[in-house]
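Before I ask anything, here is the structure I am working with.
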Amino acid sequence: MDITTLTSKKSLVWWVIILIIFILLAFVPLYAPGYAAILLISILMYVILTVSWVMFSGSTGYMSLAPAVFFGVGIYASAIIGGKLPFPIVVGIGGLASFCLALLVGALTLRLRGIYFAIFTFGLVMLMAHSLLFWELHVTGTRGRFVIVMGYNTIYYYLLGIFVLLLLTAYLINRSRFGLALQSIGQEEDAAAHTGVNVTMLKVTTFAISAFFMGAAGAVMATKWTYIDPFIAFNPFYSFMPVVMAIFGGMGQLFGPIIGAVILTYLEEFLITKFAELYMLIFGTILVIAILYLPDGLVGLIQKMWNRYSERKHADT
Amino acid sequence: MPILEGKGVTKYFGGLVAVSNVDFKVEQGEALGLIGPNGAGKTTLFNLISAALVPKPGTIRFKGENITGLKPYKICRMVVARTFQLVKVFADMPALSNVILGSYFGMSPGMSSKDAVREATELLEFVGLSAVKGTPAKDLTLANQKRLEVARALATNPELLLLDEMMAGLNPTEVGQAMELVTRIRDKGITIIMIEHVMKAIMNVCERIIVLHHGAKIAEGTPQEIVTSKKVIEVYLGEKAHAGS
Amino acid sequence: MIVTFLDIVIAGLLMGGIYALIAVGLSLQYGVARVLNISHGEFIMIGAFGTWMLYKMVGINPLITLAMCGPVLFLIGFFLHKTLFRSLLASSASADIFEAKSMLASFGLLFIIQNIAILTWGADIKSYSYLNYGVNLGGALFAANRLVTLLFAVVISTAFYLFLAFTRLGKGIRAAAQDPRTAGLMGVNINQVLALCFGFGAVMAGLAGGLLSMCYPITTTMGMEYTIIAIIVVVLGGLGSIVGSFIGGFLLGIIGSIVTYIEPGLAMVSYYVIFIVLLLAKPTGILGK
């Protein structure tokens, strides 16, 4: 396409910048203090959840509140098989389990439109938590499980690896014809179907791919918490946060959700350590303000300001 | 063999019959008009043909092959394409991307991206939208959005094209352009079924007309036969004689 | 056997009364105002704690508090809609976008309200004893406060239903629930109606909270569970159907009571199973077309 050739020089610059960022990220644990590693782990976790969420919901417009389900499945997979198998396989199984569950859930429910789908996926989080609790109390006679422990640096590198894979996947999907088809589903699903797009197949597959990354992240994060129970693993909070972060950052560009996740996670950690008592109040207020005044997110706002600035510059000359 | 054939096609919504036991045949290369008062079941019949809905009972055959109950994307890839009464363009995508989507997915196997871009560019030129190919579809005029839908449908390489009220809401100049476009599509050898309230267009473009009323087929024939049919004048032209043209 | 069955049904009705009230409230907010209010349960919590505080500190009879609670919560709800949700409505390009945005905004409200509540009332469990004696009903003993709760839930819901059915404003609300645009064309002041509905929804939640506090221990984090139950009941009754929510509340109460009798741990699970099966099989609800 002619648009691509025009921007290829610019995109090369972007690739170099991204590469440098990742090289820097890879060296962070070697030099940064322990606290930074913990913060970066939280940031990476939310970035992965948010970008995976946007991969499906951002383009198709189906608001999924299921991230907590897939994240939780990964956590439990790690708790059950962690230590019995090499850890990379554990992470893979965590992701695959979520992938399979998402295929099933997607095939059943992706005909629900609008708010129904959101409500359904939210119900699913709670169903998982309550069913699992019942199972543990009445069948296995336990409450919760211990998970194998790993160092922060190891956790960090695993998350970084998942993030790189996720970004590549998201980038490739966006660039491919399937990215275009996903957008068309979000904008006019009926027309997409009548233009030859196999909408069901595409929705379910993308939903499952996004679930894979959430599950893999869950499998890694479980080792940080060392002890988990159904309500820690299947916490609706992990469903809402990615949505909030994506909206805060802005979904127009791939890096919008990343910026949203980074800023809000940092803010969360900062508030929890400094203003634990007011954390929810401040966070809630920011959320409401962001929804009210940042319709296209932070990135949208910056773009708007940039456009206005460059217009003024043009007007001056 | 007719390109499209319906037998006893029926559709109920709740207890109400929207399309009732309709038989039809469409011959290769012809332009068939579908008319009838509002609520006669025209768009429902289009939805049945394009598989947005499934007839119950009834069968639809495409070149002799039973296509009843197939998914819409399959129907589309089997070379039946459509436009919508209320335009359904991909609002935030540039016009070109709207059409490219058709080239990518409207046939199997889909085109390579290079071919798809070339094809879409040609089609935009064919419908007269070259100048706005980079414009998001939502910023186009209604007439241009309707042309964009036609280009998108053509990109799926159809043998049969269903046009749902392509002229509705257009001004006389635009209607003229649209009629000319339909004629050029026909000249490509594409069979057309069109729903239209603009009688002038139907009379000029179509060789044959089917009239629906309350979901049932009440008349079928050449434009001349239809305008002189007493039954049609009673139910249709009677109430719309002044509104139509 | 018959006594046990009666037991279960009455216990179900007692819980169902509260569910119905909560769900009617959410039904007004979601069915009419299109706000899937995740902070609905927080208004229940406010009602519960208000009642508890006035009883414990000043000695005001909880039933009197109910009467005072109503107007206060109405004003809160009304102005929330007039400010926050109104401007979201104005800035949203489509109904779907508004639904998503308003749901997330209400999630923010949940955070804000809960934090203020924890700062004010602390995070531990509170309770008080009111009308706490047994009443014999068909051979089974029921606490008087629960019977009062049921009575009030039914009276409040019925009164509200009559209001909807017979007053001019009530008819406007019902019209807006069915088709906001046409209702607007017919001269219903839509923005006013939506704000009123949101206010009434908050009142229902607050009253339910006050009633709950008479029978059960309360905490500042109790809201979420009731929000979820309200969502389930609203879906059960059909989104936008106020009568459906009312019936659905009692239905879910009885189902919960039966399941609790068989296996207490499965009550919540059964709610979700019903909810999910219903969403898949009949998303329009039990009374839906």
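Every chain is named by a letter (A, B and C) in the order it is written, and numbering of its residues begins at 1.
In the analysis below, contacts are C-beta pairs under 8 Å (C-beta built on N, C-alpha and C of every residue); 3 or more make two chains touch, one makes a residue touch a chain.
Here the structure is a predicted model, which is why all the values come from computation and not from measurement.
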Can you tell me, using the touch rule above, whether these chains form a line, ring, star, complete graph or other shape?
line
Contact counts by the stated rule: is the higher one at A-B or A-C?
A-C
Using CA atoms only, can you tell me which chain is the most central one in this structure?
A
Roughly how far is chain B from chain C, going centre to centre by Cα mean, in whole Å?
49
As a quick test, compute the distance in whole Å between the mean CA positions of chain A and chain B.
42
In whole angstrom, how far does the Cα centroid of chain A sit from the Cα centroid of chain C?
32
Inside the complex, what are the residues of chain A that reach chain C?
61, 63, 108-109, 112, 114-116, 118-120, 122-124, 126-127, 130-131, 133-134, 137-138, 236, 240, 243-244, 247, 277-281, 283-288, 291-292, 295
Under the definition above, what is the set of chain A residues touching chain B in their complex?
1, 177, 180-181, 183-184, 187-188, 190-200
For the complex, which residues does chain B have touching chain A?
50, 52, 71-73, 75-77, 81-82, 84, 88-93, 97, 100-102, 104-107, 110, 113, 117, 149, 152-153, 155-156
Chain C residues touching chain A - in the complex, by the definition given at the top
36, 84, 87-88, 91, 96, 99-101, 103-105, 107-112, 114-116, 118-119, 224, 228, 231-232, 235, 265-266, 268-269, 272-273, 275-276, 279-280, 283
